[in-house]
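Please read the structure below before turning to the comments.
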Amino acid sequence: MKKINIGKHAVVLILIIFWIVMYAMSSSFRLGDNLKSILREASMTGIAALGMTFIIIMGDFDLSIGSMVALLGIVMAGFMNSAGLIPSLVIVCAIGVVCGFINGVIIAYFNVPAFITTLGTYYSFRAMAYILNDANTIICTNPVFLKIGSGSIGVIPVPFIIFIVLGVIGCIVLNRTVYGRNVRALGNSEKACKISGINTKKVKMLAFMLMGLCTAVSTMVITARQACASTDVATNFHFDAITVVVLGGTKLTGGEGSIFNTIIAAILYATISNCLNLYHVDAKWQRICMGLILLMAFSFGFIQQLIVKMRENSQKKITQNA
Amino acid sequence: MKRLIMKHSDNLSLGAVIIILFAVFSVMQPNMMTAFNIKNILVQVSLTAIAAAGMTFAYTAGVFDMSIGSILALVSVVLAKVATTSGVFPAVVAAFVIAVIAGVVNGLIVTKLKIQAFAATLVTMILIRGIAVLMANGADIPLYSMESIKFLSSGTIAGIPFPIILTVFVYVCSYIIYYKTAFGMKLRSVGSNAEASKISGIKTDRMIIAAFTMTAVTAVLSSLIKTAQVMFGKATIGEDFALDVMTTVILGGTLVTGGKGNLTGTLTASILIAVIKNGLNINNVNSYYQQLVIGMILIFALIVNGIKAMKNERQIRREGEF
Amino acid sequence: MKKVKKILAAAIMMIFVFQMAACGSSGESAENEAAQTPEADSTEADSAKTDSGSESSGSSKGIIAYSCYNMSWEYYVTLAKGIKDAAEAAGYEYVEHDQQSDQSIMIQGCTDLLNQDIACLILTPAKPEAVATIYETAEAKGIPVVLTDISTEAQGYLACLKSDNYEGGVLAGNYVIDALAESDGSHKAAMITVDPSNTNISRSNGFKATVEEAGWEVVSELSGQSEPDVAYSCMQDIITAHPDVEVVFCSNDPMAISASQAVSDAGLVPGEDVYILGYDAQTNVFEPIKNKTVLGTVAQDPYGMGSGAVDIFMKNLNGEAISYDEEDTKIIYTDQWIIDAANAAEYE
Amino acid sequence: MEGYIQIRNIFKQFYGVYALKDISFDVAKGSVHAIMGENGAGKSTLMKILGGVYQADGGNITIDGKERRINNVSDSAACGISVIYQEFNLIPELTVAENIYISDIPRKTFLGFVEKKKRYADAKEILDFLEIDVDPDAYVKHLSVSEKQMVEVAKSLSQNADIIIMDEPTAALNEEEVKKLEEVVLMLRQKGKTILYISHRLTEVFDMADTVTVLRNGEYVDTKPVSELNEAAIIKLMVGHEIDNTAVIQSSATERVLLEVSELSLKSVFENISFKLYEGEILGIAGLMGCGREEVLAAIYGLFQYDSGHVLLDGREVRFKSPKDAIDHGICFLTDDRKDGGILAQMSVEENMTLISIRKLKKKLGFYIKPKSEAKQLKQMTDFMSIKYADPKQKISYLSGGNQQKVLLGRELLLDNKVFIMLEPTRGIDVGAKEEIYGLLSRLAKEGIGIIAVFSDMNELIKVCDRAVIFCDGRVTGILKREEFNKERILTFASGREA
């Protein structure tokens, strides 16, 4: 029992250790600005990772979020220059939900595997973004909006505040609402849910709409941070988000997962890439590093199983000798 | 006769679509109809079609491979490097060795680490691409003075371009392996019901590894042609390759849930996609629209696929496994 | 377990907050210095070597960092080399960062570099529109930024060394017109471009304007996405649609080379039926140029750009005046010229 | 005596619960050896160990004087063992012939090409020999259940193994097919094959078996030649005490019709199903595997839709579009597939308990569920059924089968329900827990809840139910009152012969 729990929160320990080591070793790491930028980066993938946690708990994936960011960014920036800040933010959320809805309907109501569906939308969304604005980049000048990306309240960056707030909400939804309960139940056994009168299709679809919403929010942050919306943004976004979620110990097979760990994992992931930069690791190697990290994260569940098995065996030995 | 038509309804309908589209494009741009262009289309077909054959096997075994794009790149780099240093033949050998390794690694990750195909190949996709970039090290490796390689792309036997001959050859072999050999049968049984296959004494893990290897090998064949066309080793090619191939296979009517592949369908589908791309190019249509179209086609194919799967489900339920 | 979670979370947050509070002040001081004269920068640069312990070896004066568009392209590798040599000659340590054509990586990478109190940031932005935050941070820390190859609308850089891509296009256009003046060809041209990249767009615009002025017709414009294999199929389709096309202008050399392959695969003779032009003068384009499968290429001087950027920084450091070609945009143009079979040998 | 197969001190446990404890017995060569025992006695587990699907945690197996390690299926095949498992192991997407020869395909030596013709011929031969009228090229997914069963038999024959294990092969067969199978078995014995035979049907055992070994709750009870035994004796060994076919539960059935089903039909699954359920009654549903009984109940519950017919609840016509619909009308449903369709393995006992009722809980701010109110519900059910668990947050998969089942029951009981549909409420739980469940059923019945329960174990049915509806091939073949109960009659109805 104990061992498993440690496994559950391994990411926290890893972060602390990693963090202490870096803190001791690198003078640049210590700088407040550096820590701020870590939190900023963490929030960008993190916010999307919150939604992705729900999806992966159901045992699905969403690969389309990167393209969604591109599409939503273009739409938002376009409206901002005409309709103004608040309306554009509302609109982008709405469209984010619609994108999620499209994914959700295909996946839930035509039961098509999620990863292939979202692979399809992955290309469609980005293409739409291209077509909407003919591959031009829209520059955002609204100072208030830019604060969403680069501002800080006190010493804490705005994106991170948004991230934490959403995180708390996500935590409550996942653990203490009927919907969250259904999502996790669905990840455990679809059949059981059907029998228990849960509308599994609806639950699935809503989860993808939620994903769309989270993507919309992270689009705001990303666009604000880059002060412009372009069609070729966030090409590896889905990859980062999934890595973060899985790093957070959410099982690929679904059923189990924790928002808290996802948040920690997001910070860890950002810290790692930050350190790779601090030590000027060659981009080619960075790519490979990230791949290996993901591989480790993926095989984490497997390793846990091994531990459990080993313990069971030893127990059996004992019981037989007795 | 009627039964025959029913049996091949998918393939026939695909064929019909091809003819219609071809007609439409020809009207818009007369040069579509030229023998030269038709040859072009067929050569372009060969690129995806060959890899798609392998991918059909993967899908049949209930897995699939997102890393073939990266394999394509890695092979082109290695091919160029080895060819320029120690001749064409060793280069080709090296290419295949790499393919086999990549395939086996994919297979091992999926079967031994118990990571599902999607996630595993997502990782290898990153890693292999990383290795390719690392090897190329920022340079495009030219291949001229290697006219013998050129044969792979533009050489002709009895007036027929080599790629087309290769495609035909690959499909004949695949067809025999798929339907006539014990291997093909076991592959189908693994995809259809892994548990039962295991109990019937089939080495399911080996089957899956084999499926990945076949996919990788066919990917190499495609890569050889591609590399010979451009006479370049480049680490960045083939980003969208995996999607194109998957779209082809699914559009061809192969069940994403495994157990049932459709090689003829795959071939027809790859022709369809090539015709669309070529037609749009010839009519000077922007590449984003092409992406959009492909994405849409994939989604459409998925929906059809999903409806089929649901029918299948109902069939099974009538036999009591609700 | 729940409790443990909460405590851990609290602990981490505390550390972060404390850290940032502690360093907030240092940030402000940096801003103050930034307000001062170039000398302030120099002191900043000097202090850099003492500050950044693990990153910089004691001997060097500081770090000159280069954040590059994409290191998998030979052109930028050359550019980086130019910077490296010049920097080390001037006694600075050189570090580079690869944006891999991704604007997010660009911003993150540059921010991380700037947070290390480097002496100077030399930048080739993957997304010129997205540099605003980088300039802000740089200004806050008083680190000078020098642009190479790609300019930005936003101000905040010391200078921008680039080739005039529109001019380059014009150059290519005129070259074609002269070369084929007495040819009785169709005078139809096609372009294989790269979008969405302003650089390439201005190249093709330059070319287009010139040749159309001379009464040519640009019949087709497809995106090769700067990938040779894409360019190959584009070329095939161009030939199909316009068998009589005479000239094809490609926005970079790899595309040009594969285009020439496509032409010869189509049974036509590159350099007789179809003339192909490239851009950048990469090492591997010289051979095709010499055996006339590629007509010519517009040479740029990436190495010069690199070393030039370092000189600009040094000048600024020593308070010397910098002479711009365009005062308002602080652009300094590096020279471009046509390389063809005639002069290929000398430049190779 | 030195047995041909010697099974010695076999242990096997799942999640720390013993499925087999120190099993040892011998099997003589060329004999038909019946393994008897209640559901969950460990028969199938033992067979799976012999078949190499499971690995024993302890003990060893000696075959023909050589000690054998059976680590996987091919090992077991190498020992000349072939197994017909309870649940089918056929590949729906392959043809009959392909399935029969899936593990050893007749092939040309060259490149492993399959000899289609030869395979077809061989398959045909075997099928004809079993007098099964199935085309070897037909796809398995299109076969009926009993056909599938016979194909399974054909499959194991094709491997011409020395030892053939049959795990309830007759469960899905009608009387003729059973007779056929018996002949086959006897014929195989004459050929000197050794047959390990598992069945609930005592008649078969007496027809065929030479020796009987009885297991109970994963423990070895006894091995005797059939000649020394009679039905009562075997049942005694199996259950551990005399079964009194008189009810253990006082009927509390009233005259008021709670649920009436009339002419319910679903094409090619069931037709003209009609029966009544009275208030406070426990209605047993009997029938062989694949007789369509689960489907009928699932259709009533709204898991899928029936083509025609009526369901009347309290005299009002109802048709449930979805299970939620049914639940809202006070009908609840307990699946027989606890592992996949029941428990949420990775979630806590509490969350499992409140899965459905959580909807009804009062919420703060309209969505926030107070932990207290959930805990209260769990407590209520824990007291009601005395469920044993370490801590409400404990994962349910760490509970024993019995307690898991109680949690699932509790999940339903937290709703105010009139009709309770249960499939195999006592499957895979130990005898003690079974008794508790029986008690629970009677309590519910007394509260006026109507219970429809499927039992495949005849004894349980007879013990618990007030009336029994017997199905065969998707039709109701008989409805018996408790006083008319007796195994033979139920079996005859179940195997389709109107008495």
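Some notes on this structure:
Going in written order, the chains are labelled A, B, C and D, and every chain counts its residues from 1.
As a convention for this text, contacts are C-beta pairs under 8 Å (C-beta built on N, C-alpha and C of every residue); 3 or more make two chains touch, one makes a residue touch a chain.
Values in this document were obtained by computation on a predicted structure and should not be read as measured data.
Farthest chain from chain D (centres taken as the mean of C-alpha atoms): C. Each chain gets a centre from the mean of its Cα atoms; for chain A and chain B, those two points are 30 Å apart.
Inter-chain centre distance (chain B to chain D, centres taken as mean C-alpha positions): 44 Å. Shown for chain D are the residues that touch two or more other chains, namely 303.
Counting only residues that touch two or more partner chains, chain C has 71. Counting partner chains per residue, chain B shows two or more touched chains at residues 133, 286. Per the contact rule defined earlier, chains pair up in contact as A-B, A-C, A-D, B-C, B-D.
Chain A makes touch with chain C in their complex at residues 5, 8-9, 12, 15-16, 19, 25-28, 30-37, 39, 41, 44, 130, 135-137, 139, 146, 149-150, 155-156, 222, 225-228, 230-236, 260, 264, 267, 273-274, 277-280, 282-284, 287. For chain B in complex with chain D, the touching residues are 176, 180-183, 185-186, 188-189, 191-193, 195-202, 259-260, 315-320, 322. If you check the complex, the residues on chain A that touch chain B are 61, 106, 110-113, 115-117, 119-124, 126-128, 130-131, 135, 239, 242, 246, 252-253, 284-285, 287-288, 290-292, 294-295, 298-299, 301-302, 305. Put simply, chain C touches chain B in their complex at residues 71-74, 76-77, 220-223, 225, 227-234, 236-237, 239-243, 254, 257-258, 261-262, 264-267, 282, 284, 287-288.
By the touch rule above, chain A contacts chain D in their complex via residues 172-173, 176-179, 181, 184-185, 187-189, 191-192, 194-199, 251, 255-256, 312, 315-316, 319-320.
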